[in-house]
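In what follows, subunit A forms one complex with subunit B and a second complex with subunit C.
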Partner chain A sequence: MKKGLRIVGRSVARAEALAKATGRARYTSDFKRGDMLVAKALWAKYPHALIKSIDTSAAEQLAGVAAVMTAKDLPGRNGYGIMVPDKPVIADGKTRYEGDPVALVAAVTEEIATKALELIKVEYEVLTAYDDPREAMKDDAVLIHPNHPAADKGNLLTVVKLDRGDVEKAFREADIVIENYYETPMVEHCYLEPDICIAEPDDLTGGLHLICAQQAVYATKRCLAPVFNLPHHKVRVSSPIVGGGFGGKEDSSLDVAAVAGVLALKTKKTVCFELTREEVFRTTGKRHATYIKHRMAATKEGKITAVDVETVLNKGAYTSMGGLREPAHAVTMRTAAYAAGVYAVASAKARSYSVFTNTPYSCAFRGFGVPQAIFAVECQIDELARRLNMDPIELRRKNILRDGDHTIYGQVMKESRGLGLEECMDKVRDSIGWDKPLAQSAGPVKRGRGFAVFMYGTGIPLLFEGASCFAVLNNDATLNVNIASTEMGQGVMTVMAQMAAEALGLNYEDVLVSFSDTGRAPDSGPTVGSRSTVMVGNAVLDACRQLKDRLLAFAAKPFKADPRDLAIEGGKIFVVGKPETAESLAALIAKAYASQVPLAATGVWYPPQPSFRAEDGQGEPMHAYAFGAHAIEISVDTETGVITVDRSVFACDVGKAINPAAVEGQMEGGAAQGIGWGVMEEQVMENGVMQNAAFHNYMIPTIKDLPDLESIIVEHPNELGPFGSKGIGEPPIIPAAPAIRNAVWDALGIKMNAIPLTARTVLAEIQKNGKA
Partner chain B sequence: MKETLYFGPKTLAEALALLDKYRDKAVIVNGGTDIVEKLAHRAVDPEAIVYIQGIPELKTIKEEAGFVSIGGTATYKDVLASPLCGKFAGLIQSVREIGSAPIRVVGTPAGNIGTAVPAADCNVALMALGARIVLAKLGGERVVETKDMFVAYCKTQLEPGELIKEIRIPVTDAGTASAFAKLAKRKAQDIAQVSASVRLTAEGGVCKDIAIALGAVGPTAVRVPSLEKALVGKSIDACLAEVKKAVPPELRLRNPRNKQYKEAVVGVLIGRVLKAAYEELAGGGK
Partner chain C sequence: MAVDIKFILNDKPVELQVEAQEILVDTLRERLGLTGTKKACGTGDCGACTVLVDGEAVRSCILLTASVDGKKVLTIEGLGTVENPHPIQQAFVDAGAVQCGYCTPGMVLTAKALLDKCPNPTTEQIKEALAGNLCRCTGYTKIIKAVKAAAKKN
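On to the complex of A and B.
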């Protein structure tokens, strides 16, 4: 690890903190203007239906209505999607979920637009709507996408296959087999800022500017240019700071931008389309619900020898983050790849089925399917420990992947990329006092303790990996860094500025990071997959290295020194060991510009080329992993079923914490979201209609539902990461839910395999087991 | 589009005159935490809005003639700050459970009664405390017991032209205590799955008088006379044993999704509030 870091590794204040804390930071909705048209969508009345006729004539005649559009009025392709363009801008002949727009309206006020929607008459022929992929994949199920390239497989979109070793032999020879069926719910991201796009036609260029809260400005441009029938270079996409995304605003931003964009082109006016909270619940993407049959074989000494796992994923109505061509199906692929979790297992078979239904489309959500897969594995190993009467942490220690081991998909683990799991386990074990039994009281409350671990590969290889940026040194020795990544609260502005300042010898305050605008920066890749610190960070370092090399080469002559003996620090340049030689960096930059030294650079970085064979799911898709261990203590009120999380101790190996406070923020936020997933969050669907589309019946944890969230940072550096870092955005959500489930078993002696563990389900189990 | 008239009367008399004029075409906005959302979504579309928070005479909390009376526009925050209301532990416990601090700054007990959702925390406590509700209209007043106020889901005895002027809670002596508790899906800012409140008079470890009210177990908050009658004259220990597994016939649960759960916990919850009230008495009360 580098010694003597000045800025990296310090919890410097967030670049945007003051503006946010004072309420002055401008989000997309703060860019609304009085002269804009307001867009509204007429959503599908029936989640699965044929559209027999649409009559928009009365709506068109309403005063103040600028445009009414149906599928026949679109300027370009009526289909888009991150991987496959199968989601229509406006439903054409068929609806597949309650978030399909059937018609669009733009009007001078929201009130008029709403009134216009009421005047549109639609006739439907209602079809069976599917909530459960296990129903939708039956042979006699109604086809949701009759004309889809995947329609020959019925409602099954894709199957990811993974095969390694001789699984049958391993199960035949196993001393012990653990077999269970697990269920995890569909959940909403619950970002604070509802989706919004302001679309401005650009009369100067004939193009379109989409101002839209999102996670991937270049993906939006690529996916929507054909919808607008515009060449890519005339579609400018920018995103002000974003009020949370969690993976959702990779897709939902396309939904709102497509609508605002086609209406702006039609009316030749600026159009704003903003979802209400209810619309966010009903229409935007969700976490895939999963149904996992998990078999695990082991020896009586506690060595796991094989896993055999079948996962059914609820794909919802559209492909979203997934592809036809396996394994370019990020979430489905990961449910297979992580089927053995963090463990070295010689033989494995995994099949993951992604199935269309009539629920909202399932998309990226913090962890890309890894939380679901790890939930099952971490419950399985806990049961193995019980059956073998072994300490669950020691059993895990026997099985974790170590230097040189292969994952079940064939990736070789490397100490040089940072393997800090065991240190995380030990730190959590010590901190929570694992070896001391929990104090129990005489009343109805029973206490329990649970443990879970995870690993998570940094980035989204096989999809859109790699990153670019621009960097420009100014005459006053300040630096502009332009990246296309999104600032959504994770702190990308801050950590990029820290790394650039460190690399170039500038002060932190002297670096300004501009973000998420295709008009200002090259593609940094989407802000997803816990990838920005590593991928974009490396690109920023590449640009800074180029600038520094050019400056030092230029300075060699006036300093009469070898460039390798020169250093820049705090706005000065000097010969190392001779502070008296120091000169102002600004003066040197001015001279460099005058001498035709270019001080603008494009930084680029790509990880090692990934591989993953579709036939057997073998390859080397990842370059580095973050790890973590989580111990949770709970109380269960056995008379009411209410679970209280009393303590949460969480350690993560992040390689290098560029900004420790930001890392702790990710860990605390992930733990909170993971606890919510474990005990209360659930999107309830009935025949394609969401039953709890508001925050008064869709529960997320408040601060009173959370204990003090204890975070421990562990640093095992990644040789390929900037300053040794690995991605830590998503993974903290992963282990809380299985740790809670394992704690409930510890407290009650009852095994529960379906989350969320609500009071109702817990009390029903207590009564069933006669433990009340 | 139709215009909605807005009135902000400064006196009760003005308000009553407006309500008399617009009758069922008027909507009363008090704290507004419920009705404003309905107005915004046009779930209600009145001819006139009568905003009553600007009426100072309805804002007071006072004690007179054996009652603590809470004015119709007093907020939850006013209740929490009032030493007079502090005498009723059940009331304070229920108000602390309502919404969030910002909601308690604007929301009102009278508004809670007017909205009449069956899970409303404060209404359940008021019902157990035997509170009376004073309804005023142009030229007259009438007094209704809280237990008789709610006639159907979100429907009260309040008639067009009427306004909740005040809520009167009978003052009790040192032998009586109250308590409230609720079960919800999370620990704050949530609607009750089941709520329970009691007012208990006990002497020598024996229940002399008890009122039990439940929320979220049917279309309205309800009193539970079946249990109340059964418990009077019994030792507190016997009462606790009796209520724990009770599923009183006053429950009117229909949704199969939560019926079993609510039936399983309602007795537990009654037991807990009964125990809390008794412990307050045994601990010397206030």
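On to the complex of A and C.
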């Protein structure tokens, strides 16, 4: 790790925070104007049905309606998707979930657009709608995608396989086998900013500009250009700051942009399509619900010897982040890869089945399937500790992956990439006072304590991985850095500016980071997978290094010094050790500019090429891991079943915290979402229809539901990360749910394997067990 | 039906003719260009659209514009500016309580209504006051710190 850092490692205030706190920051919907057309979609009345006929004539006649579109009116391909173009812009002959548009309208006002929708007549033939992938994968199930390339497998989209060692033998020889069935719910991201796109035809170029709250401007351009029948270079995609994404706005942004875009092309006018909260709930992507059969073999000394895991994932109606080429499925692949969690296990078999249903499509959501896989493992090891009568932390210590160990997918763990899990465990253990028993009272409230750990390979192996950026030095010694990543609250503008300022010797205030615009920056990759700090950060450092090398080479002559003896700091350039030689950097840059020294650079970075074999799930898919340990104390009111989280102590190894306050922010926000996932959140579906599509019946944690969230930052540097960093956006969501489940077992002596642990479920279990 | 109304908006008198069923958040955002007030649910469940009416925190997405006739309305734009932020706004920035920022204007105004009545709130009082404001990014820990820091500065 570098010594003497000036800006990296400090909690400088976020670049855009004051504009947000004063209401001046503009989000996509703040760019709406009265002269834009308003788009509305007629959503599928039945989640799974054949469309027999559509009559739009009355809607077309309505004054103020600029366009009514059905599938036959589209300019290009009626299909898009991050991996497979199987999601129609407008349903053609068939609906597969309640978020399929059947017709689109653009009108001068929202009222007229809504009225026009009411005038459209559609005849359906209703088919069986599936909510549960275990039903949908049965042989006699109705095919949801009869013409899909994967249709020969029925509603099964894909199977990811992982095999290592002799699993049969390990189970035969095991002293103890833990076997359980776990269920995790489908949940909505609940970013506060509803999805929106403003599509503007560009008369100058004949192209289209999509202004759209999202996480992946380049992916949007690639996925949607064929829908608009436009060449890629004429589709410009940009995103103002985003009001939260958590993975969802990698996909739902395509939905709104496709609709706004085709209507803009049709009407040759600017069109705005904004979802209501109810539409966000019913139509956008979700976290995959999973059903996990987990078997774990161990010796009586507590060494885990094998795992055998079968996971069924609810894919929902469309492929989204899935894929046809096995095993390139961001989420399905990770449920297999993390089937043994953070532990060194010699033999493993994992099968993960991704199955189409008639629920909203499942997509990226903070953690890409790792939270689901780790939930099962961390419950399993807790049970193993109980059966062996061992301390759960000590049992984990015995089994965690260490330098030189192989994961179940064959990746070798390296100290040089930072392995800080044990330090996280120790810090959490001390801080929560693990060895002191919890005080219990005589009343109906029982208290309990639970523990869980995680690891998370940052980045998106098997998809495009790498990043680029532009950097431009100005004559006043300020720097513009243009990246295509999204600022959605995580602080990418701030940490990129910190790293660039550090690398070039500039003041933090003298760096400006522009973001999310295919018209202004090269592809930085999507803003997902906790990848930006490492991938984009390295690309920014690459650009800064080039600019610095050019400046120092140019300065060598006037300073009569070797470039290696020159340094730049705080806007000055000088000979190291001779502060009296200092000159203004701006003056030097002005001279360099006049002397044909190029002051713009493209920075790039690619991680080691990831691998993961389709036949057996072996390879080296990740380049570095973030780690963490979480201890949670809860109270359960045995008369009501209500769980209260009393204390949450969380440590994460992030490699290097570029901005510690931002890292804490990710840890606290992730812990909150993990707690929500564990005790209250669930998208309730009935025959493909969501039953709780509002914030008053779909619960997310309020300020009253959470304790003070304690965060401890641990830093075991990653040799490949800028300044040693690893990335930490997503993983903090992972361990809270299993820690809570383990705490409930501790409090009540009751094992519950399906989350969310709502008051109703907990009370039912208490009554069933006669423990009220 | 159109109604004529007069009210004080961010310390300045405003006269408007609005439709009887017009909702305050739309009037502010679409008619008056005050886009600092956010709309995240439109059903009164999240608090993102909070403004102060005669000092009380109210949800502007379920409030008829006509009902503010004769009242004083404060939106986030009237509280402070980037150049001259209100101490609560500055405290949110300093505490790291702003992530995506979509909840922030509503949080800040709800905190203002609280601190005006109760200058030194306990953690419980802060939680009670902010219980109707959802934030999906922060886990609220730094928001509580920000409100306490703002109280101290007062």
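One rule holds for everything that comes next: the second predicted complex is superposed on the first by the 772 of 772 C-alpha atoms of A that agree within 3 Å, B and C clash if a C-alpha of one lies under 4 Å from a C-alpha of the other, contacts with A are read in each partner's own complex, and residues count from 1 in each chain.
Throughout what follows, a contact is a pair of C-beta atoms (placed from the backbone, for glycine too) under 8 Å apart; a residue touches a chain by one contact, two chains touch by 3 or more.
Computed from a predicted structure; not experimentally measured.
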Partner chain in contact with A:Tyr124 - subunit B first, subunit C second, else both or neither: neither
First (subunit B), second (subunit C), both or neither touched by A:Phe246: second
Partner, of subunit C and subunit B, that touches more residues belonging to subunit A: C
Which of subunit B and subunit C A:Ala672 touches, first, second, both or neither: second
Partner chain in contact with A:Tyr593 - subunit B first, subunit C second, else both or neither: neither
Contacts of A:Pro194 with subunit B and subunit C, given as first, second, both or neither: second
Contacts of A:Thr702 with subunit B and subunit C, given as first, second, both or neither: both
Contacts of A:Arg760 with subunit B and subunit C, given as first, second, both or neither: first
Shared subunit A surface residues [contacts with subunit B and with subunit C]: 696, 701-704
Contacting residues of subunit A [partner subunit C, same complex]: 11, 13-14, 16-27, 29-30, 32, 34, 189-194, 241-244, 246, 276-277, 488-491, 661-662, 664-665, 668-673, 694-696, 700-704, 706, 708-709
Sites on subunit C touched by subunit A in the complex: 29-30, 34-43, 45-46, 48, 75-77, 79-82, 85, 89-90, 92-94, 96, 98-105, 108, 123, 126-128, 130-144
Subunit B contact footprint on subunit A (complex, rising order): 111, 115, 639-642, 644, 680, 696-697, 699, 701-705, 758-760, 763-764, 767
Contacting residues of subunit B [partner subunit A, same complex]: 1, 183, 185-191, 193, 258, 260-261, 264-265, 268-269
